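The same chain A turns up in both complexes below, where it pairs with chain B and then with chain C.
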Partner chain A sequence: MSDHGYPHEITGVETRKLGMWVFLSTEILFFGTLITTYLIFKGRSFDGMRLEDVYDIPFTSVSSFVLLMSSLTMVLAHNAIEKSDQERTNIWLLSTALLGAVFLAGQIYEFTEFYHKGFTLDVNIYGSTFYVLTGFHGAHVFIGVVLLLILWGIGVRQEGLSLEGGMNLEFIALYWHFVDIVWIVLFTVVYLI
Partner chain B sequence: MNDPHKPHPTPKQYVQIAIVLGVLTAIEVALYYTEDIVGIFTDPLLMILAIGKFVIVVGWFMHLRFENKLVNRFFVGGMILALFLFAIVMLERASGNYF
Partner chain C sequence: MIEQKREKKFLTIFRRPSSETGIWSWITTVDHKKIGIMYGYAAFLFLLLGGLEALFLRIQLSQPDNNFLSAAEYNAMFTMHGTTMVFLAIMPISAAFFNYLLPLQIGARDVAFPRLNALSYWIWVFGGLFLYSTFIFGTAGAPQGGYLAEEIGWLGRAPNGGWFGYQPNAGFQYSPGTAMDYWAIGLQILGISSLVSAFNFITTILNMRAKGMRLMRMPVFTWMTFAVAFLLAFSLPIIAIALFFVTFDRQFGTTFFLVEGGGDPVLWQHLFWLFGHPEVYILILPAFGIVSEVLPTFSRKPLFGYAAIVFAGFGIAFIGFGVWAHHMFASSISTVAQAGFGISTMIIAVPTGVKIFNWLGTIWGGKLNLKTPMLFALGFIAMFVIGGLSGVTHSIVPADTQQTDTYYIVAHFHYVLFGGAMFGIFSGLYYWFPKLWGKMYNERLGQLHFWFMLIGFNLTFGPMHWLGLQGQIRRTWVYAEETNLGFWNLISTIGAFIIAISILLFMINWSYSKRKGPKAPMDPWDARTLEWTIPSPTPTWNFSTPPEVHNLDDFWHKKYDEDNEGRAVRKEGADEYVEELERDGLNPKSTIELPNPSYFPFVLSSGLPFLGYAVIYKSLAFLGIGLILLLIGGFGWAIEPLEEHIVGEEEE
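After this line comes the complex of A and B, so read on.
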């Protein structure tokens, strides 16, 4: 959004933008709860398979890299719309949605592989917490991809987007980057440690 | 309001930031495969790298470092509450009372 302030707002911040940050703050607590629940059971012994028996670090690393790069394309879309460059905005928006879709496809493939190897949702409580945690993240990515595609569609149909609309590119960008930072934590906590 | 004294990065700088993020991810994966060599330092190093990536994305891509203090307080407040919850649950786990 532009660099001028909002003197007519008591807070000095545009209300919609502040609302978005408050929403993200509640999302931190949501994922914080899920991560905490997962960590309660990580490292404990249970009957049945564990994630360590089935996961594929190189594959998940590539997925993580794809999601990280989608944050780059998202911020480039934001930069382009600030310069009123509609063509680049649409290109970067679509690129972000495609990278998000690639990440989602990877997660679906990974879950399917895990399932066939016996690491199912009900294998043990550790498995359940893994699927709930990563599944909710995947659901957030899916919602983000849908929002990006809707925004891209609006941009194409209306021959351009603006930062003043209700469904604003900046708010969706904030949501998308948030989804990325959650995965940064999950990749380390769930897969690497 | 955004801080007018801190200009947002240019597209070239955003690409440079993304390269740094990619390199940090590569180091994380390398650490995972060299755990036998790095030993007990592996997990702390992985946490430091994750925190570094987190701060870079929040600060530069989400522009939090250019934002109003109130916005920063909301975000940091959420983080503190989540970490507080985490600490309480882990203390309970360690005490063996419920888990």
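After this line comes the complex of A and C, so read on.
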């Protein structure tokens, strides 16, 4: 693509990767708005249940740890593809997707548990902000898992996923790490303080 | 062999589209020029709809105690007028300019992500259709026992909570029915479209500039596109989240904005205007860019203070995030906040003023060529200054609390957004008309359009200043005979119809000249930027050889020298140089690869309205259809190879 004299990477960053960076910078605003709203409402008084009445910090810590480990496997996948080791790339990609899926399963379990204990979406403003905030993150993890599975599928069927390919491992990795980092912030803000 | 076959099957869902003409070539196109043209036409249709809604409003207000529209219908009309003009007319017409011109101005073959570009167009189309489908499917019941309890015709099926959607007025208690859901979800979809295009344009400008096109050599229009893309990227997420909250409040029983449930209606105002004020600059900066191209060309002088204009543009974009609460002086914000936002509002007038003086400096001493684009650009400056000055009066908090919700505000923002943005846009439409179609527009009709529009515009919105100061309340469908507001309201309505005539003149000129106009040369205005170095109309492949740039206004420097007194003198052989460029532009010397068309942007975006209906009607069937379309579109997109088709000779 870069022949024919048209410059394609003036900044030195690959175009798709640059696009992903711009996208992630807007994601910060999405989560920033949600977190701000959460913090505004957290300090207000209201009736009914709070998260503290229902949550199980050890459980959520474990599922957070699982999500963080998926960042590690993502790095390993990236490492493998740089060495053109297709087999390992596939394995690590699949593990990343599975770890992400485990986290999602944990979140679904957690939500159901909270719901049965009476901490529902419309229990009070606290419940509303909690579910919309963590649910928005969960949707991001879900999309990430789907992207990883597509990437893995292409890798398995097509022999030789490369860093130049249409579905680029590197920029999906960027997204995945971002989603993980956001969770660190959310876990701290929502569960720990 | 079998393995290979299976692999092929896996890689494609549909055959790659190949039509070059006809409707499929438009639906599947990823060419930035075609997408730009589609944006322009579709947005103009919505502009006509928004204009029609405005005429309804003006007819209703033409005399006291009129009953042309019911109160509920009036509410629906001003809500749709505002929403349409902002999201479905001015923003996409600006997007049309960005799409068509940005790659040409920076000397690129296309944008960074051609398929994403098509995606943002189709999402916008489906978002607009979804929003307008409220006229067919929507219901807007009057609140029980409320003052609006009256018969509602089909006009009243539209959202009626205002384009600003203030809570709790736009919540389910005071705006029952589905219409406001159409509004909230429709804007959500339109927002995705703008976000996608913002990523695309930022990446394009950063990574795809021609050789030698340093940032400080970019045309001002490109700079303003850059600023707008940042504004979009950082303001739309805020409204997206706020609209999520609204949808949850209306559909799933949460209470983000309802006091009864511990929520906070003022939070909506903060979130809305944190988006809404940058949005004002999203609407006006493209016009700043257009005018900064038109004025130097028609004054035959370089732009006065290029760097100042660029930095002022970014100054406006940056400070634009810090003035939002001046829309909320009448709400419950503290006096300290009022003072702070009053001051920041005064400060943002400074970079705007810098631009005005730069434009005046550009005209000063120039040899003015008063063609239609120039007339509109001059009209833009004059009208925008009036709107800007009335805008600064809002920074004085005590005065603003008097003006809030009166026609004075309506006058102000129409001077900025119509007298400003629309005049700039028309200036650009005439300026680039020859580049688009290879034909010249009719100068006489164009000038007639300008004068009709200028007079009609001032008749419509000028009187609103004093109507507002006399106390006419906006968003109210009648006023009493005794208020003595009738005369100027009638004048204003007459003005609105004069604007309608001017738009008609424009349409006649456009459609006639496009087919029958005289042939336009490559560089009819003796212009300065790269898009004028290629033939008119622009060939599919843009540049037959990738351009290289050595100066700001490079094309001008290739045509002109400076004499001892610093005046521009046309170089010998400049005409031959231009002719040669035109010949070369039509006959590429080597092969040029163009991105292949694709079905998937269209398929992917067609899923979004179904998701919207699924939320409104809690329907699993719609959810299923929507998700399937998204999945086909997304998956097909992901595995579609990035191969390119080739134009030009295979070999020498």
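Observations
One rule holds for everything that comes next: the second predicted complex is superposed on the first by the 184 of 193 C-alpha atoms of A that agree within 3 Å, B and C clash if a C-alpha of one lies under 4 Å from a C-alpha of the other, contacts with A are read in each partner's own complex, and residues count from 1 in each chain.
The rule is short, and it goes like this: contacts are C-beta pairs under 8 Å (C-beta built on N, C-alpha and C of every residue); 3 or more make two chains touch, one makes a residue touch a chain.
No experiment lies behind these values; they were computed from the predicted model shown.
Touch criterion met: A:Ile184 reaches chain B, while chain C stays clear of it. Once the two complexes are overlaid on the shared chain, A:Ile108 sits clear of chain B and of chain C alike.
Looking at the shared chain after the overlay, A:Asn124 reaches chain C, while chain B stays out of its contact range.
In the superposition on chain A, contact is made by A:Val13 with both chain B and chain C. Of the two partner chains, chain B is the only one touched by A:Leu192; chain C is not.
In the superposition on chain A, contact of A:Ile40 is made with both chain B and chain C.
Of the two partner chains placed by superposition, A:Ala139 touches none, neither chain B nor chain C.
In the superposed model, A:Ile154 makes contact with chain C only, not with chain B. When both complexes are aligned on chain A by C-alpha atoms, chain A residues 1, 4-6, 11, 13, 18, 22, 25-27, 29, 32-33, 40 touch chain B in the first and chain C in the second.
Interface residues of chain A, counted against chain C in their complex, comprise 1, 4-11, 13, 15-16, 18-19, 22-23, 25-27, 29-30, 32-34, 37, 40-41, 44-46, 121-122, 124-126, 128-129, 132, 136, 150, 154, 157-158, 166-167.
Across the complex, chain B meets chain A through its residues 1-2, 4, 8, 10-11, 14-15, 17-18, 21-22, 25, 28-29, 31-33, 43, 46-47, 49-50, 53-54, 57-58, 60-62, 67-68, 70-71, 74-75, 77-79, 81-83, 85-86, 89-90, 93, 99.
Residue ranges of chain A in contact with chain B, taken from their complex: 1-6, 11-13, 17-18, 21-22, 24-29, 31-33, 35-36, 39-40, 57-58, 61, 64-65, 68-69, 71-72, 74-76, 79, 82, 173-174, 177-178, 180-181, 184-185, 187-189, 192-193. The touching residues of chain C, counted against chain A in their complex, run 7, 10-11, 108-109, 112-113, 116, 195, 198-200, 202-203, 206-211, 233-234, 236-238, 240-242, 244-245, 248, 252-256, 261-264, 267, 271, 545-546, 590, 592-593, 635, 638-642, 644.
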